[in-house]
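Next come two complexes built around chain A: one with chain B, the other with chain C.
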Partner chain A sequence: MSEKFIELFKETLEIEDDSVQLNTEFRKLSQWDSLAFLSLIAMIDEEYDVVIEGNDFKKLITVGDVISEIEKR
Partner chain B sequence: MSYNPFSLKGKNVLVTGASSGIGRATAIECSRLGAKLIITGRNSERLEETLSLMEDEAHSMVVADLSYSEGLNLLVNALPQLDGVVHSAGVLKRLPLKFVTEENLAELMQINFIIPALLTRHLYKKKILSTDASIVFISSVASSFASLGNIMYMASKGALNSFMKGVALELASSGIRANAIQPGMVKTHLTVLISDSEIEKDIDCYPLGRYGKPEEIACAVVYLLSDATKWMTGTLLTIDGGLTLR
Partner chain C sequence: MALLRYIGVGIRGLSAAVPRTVIKNYEYTTYFPAEEVKLVVDKIGIYERRFADPHICSSDLCFAAAEKLLEDLSIPRDEIDLLVFVSQTPDFRMPATSILLQHRLGLSESTVAFDLNLGCSGFIYGMSVIYAMMERSGLRRALLLDGETRSRIYSPKDRKTAFIFGDAGAAALIERDDLFGESFFSMNSDGSQEELIKMSAGGYRNPTTTETLKERVVDEYGNIRSEEHGYMNGSDVFNFVISRVPRDIKAVINYAGTDIAALDYFVFHQANDFINSYLARKLKLDPDKVPATIAKFGNTSSVSIPLTIVSELQGKLAGKKLLLSGFGVGMTWASAVIKFTDCFISDLVEI
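Right after this comes the complex of A and B.
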């Protein structure tokens, strides 16, 4: 799951290098902005059929946190 | 003391989307001003809750999913003669262009545009609208005020505004009026996808310093339903705390 998610995550944010790992704090990425946020939410909905609401998403800090949130559902 | 140009006494009013948010507040305010209401939505529990918050007891509710023709027919067949209609059922889905699919687009257009359009057609064709009835569409500032990721919703409300104007012209000779309200952000169930911190940042864009309250939109609906606006049709009424001023 992790590897596939990181690939999808990079594709969504249009990141080409290998800077994304499980412990990456995604809000600190230079590609992170409100459109990236909406794209990520949409990608998770499309690929995993999971809708993360705003206040739940706010608590997620790293890429790994997002994966565990998806797995929890 | 009894002078009140905004009274809705003696008027039968249909409110869609009355199980939540702006539709619920509208049903409550209209009941306080003397209207007899038919409220509709999909969730019966929350519709009952709306009923319990309304003044007087002469109101009725119809549980119906309006995305299906069965639901639409069920509602239309349950209606008395109407003096007012409020189209508040609607959905919000924010998706960047890359994620826009035919399915997503069809779903949003269906609820935000096709349903109010078809319902209006049925009400008119079946002569359920009385002469001098008032139709109110709940549109949004998003119809022309762009925000990121809001493409589909913007387009659905733009279509609704144009439809409203066409209806206003076509039905004017029957004495029927149509207007739309364009709210800025109002905190309701519709906005749960947006986080509190994002909301705080967004509020800075509002000159009046806060989001709207459902009842502040409801009071404008009352105005448009009342005889005070008998010479008003085809108008877009913006209520947005000043958001679109600059």
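Right after this comes the complex of A and C.
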């Protein structure tokens, strides 16, 4: 799951290097903005059939946190 | 679950009016650099919008649309017994704009007239209210007028909303006739989500002061607005919409005893192309069945559904079954399955 998610995450944010790891704080990435957030929500819904509501999403800091949240549902 | 079924009421004619002034989004670069604008515009798929001149209100757009429709169909004014005006940009706080339109359109004093204060789901809510009243005996014809000047609500210095909204007005003539058959509605509301799209000040909870009118930087991106500008938390709205709207659409289609494949057109509130394309993909809809005006008129709130029908489906509606879906500020969301029988569509009016 982790490896596939990171691939999809990079594709969504158009990141081509290896800068994304489980402990990456995604809001600190230079590619992160509100449009990237939209694309990420869409990707998670499309690939995992999971919608993480705004307030829950705010608590997620790292890429690993997002993966755990998806796995919880 | 608010599911409603009506029999023998339908839309006899539909018209819409847009302002002449075209705003080209790629060139809307007063406050943001062109390359940043292009990124946003390409993502939301809104290339042009219409802005009303300062002296034009949403009621003027509706008036133009209604005049055109009543003339095209040669409807005697004294046969209209009900007028509902849907808007969140009325002429005055009081009286209600519908009353002013009753007089302006030359309707009789015995006309029932009132306003509905709703955003993007408003046309469907308005239809449902009128259908319910028209099912009773006593009212001969009804006008649903739906207008917005959303371009005035949002700050041009807030990139979250600066490129999205436009102005328009629409008029629907609603009548009773067995040929219309059955119509099905689902309507919903969730006030716990009031913060997703809002104008915080200028009403009676937070009245206007010099402070509420002051523009200030509101976030880490440097967006600027006052408390009397509207704001929208786009990503939370998107989240909300994808978790509620497809479910509601399936519910109303199920309630109507039909299925997605049996419907001819799906007319969504034109929010932005990102949301609209995503909804169509998620519901696995044939793109040919999903007319869109988001690229040329932007988001006109509640007007976007009738505007899209007038602009894109003129001459294509005979005997067709449509799914309508509106969602937004409140939050509210509504869906309907309606059959179009012999519905006249006026040419789009520009004023």
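As a working rule, the second predicted complex is superposed on the first by the 73 of 73 C-alpha atoms of A that agree within 3 Å, B and C clash if a C-alpha of one lies under 4 Å from a C-alpha of the other, contacts with A are read in each partner's own complex, and residues count from 1 in each chain.
Please note the rule applied: a contact is a pair of C-beta atoms (placed from the backbone, for glycine too) under 8 Å apart; a residue touches a chain by one contact, two chains touch by 3 or more.
None of the values given here were measured: they were computed from a predicted structure.
A.B. asks: Just chain B (first), just chain C (second), both, or neither: which does A:46 touch?
C.D. replies: both
A.B. asks: Thinking of the overlay built on chain A, is A:35 touched by chain B (first), by chain C (second), by both, or by neither?
C.D. replies: After superposing on A, A:35 lies in contact with both chain B and chain C.
A.B. asks: Which partner does A:54 contact after superposing on A: first (chain B), second (chain C), both, neither?
C.D. replies: After superposition on chain A, A:54 lies in contact with both partners, chain B and chain C.
A.B. asks: Overlap of the chain B and chain C footprints on chain A, residue-wise?
C.D. replies: The overlap between the chain B and chain C interfaces on chain A comprises residues 34-35, 38, 41-42, 46, 51, 53-54, 57.
A.B. asks: Inside the complex, what are the residues of chain A that reach chain C?
C.D. replies: For chain A paired with chain C, touching residues are 33-35, 37-38, 41-42, 45-46, 51-54, 57.
A.B. asks: What does chain C use to touch chain A in their complex?
C.D. replies: 39-40, 43, 160, 221, 233-236, 238-240, 242-243, 274, 278, 281-282
A.B. asks: Per the contact definition, I'd like the list of chain B residues that touch chain A in the complex.
C.D. replies: Touching chain A from chain B are residues 94-96, 98-99, 148-149, 192-198.
A.B. asks: Provide the residue numbers of chain A that touch chain B in the complex, in ascending order.
C.D. replies: 34-35, 38-39, 41-43, 46, 51, 53-55, 57-58
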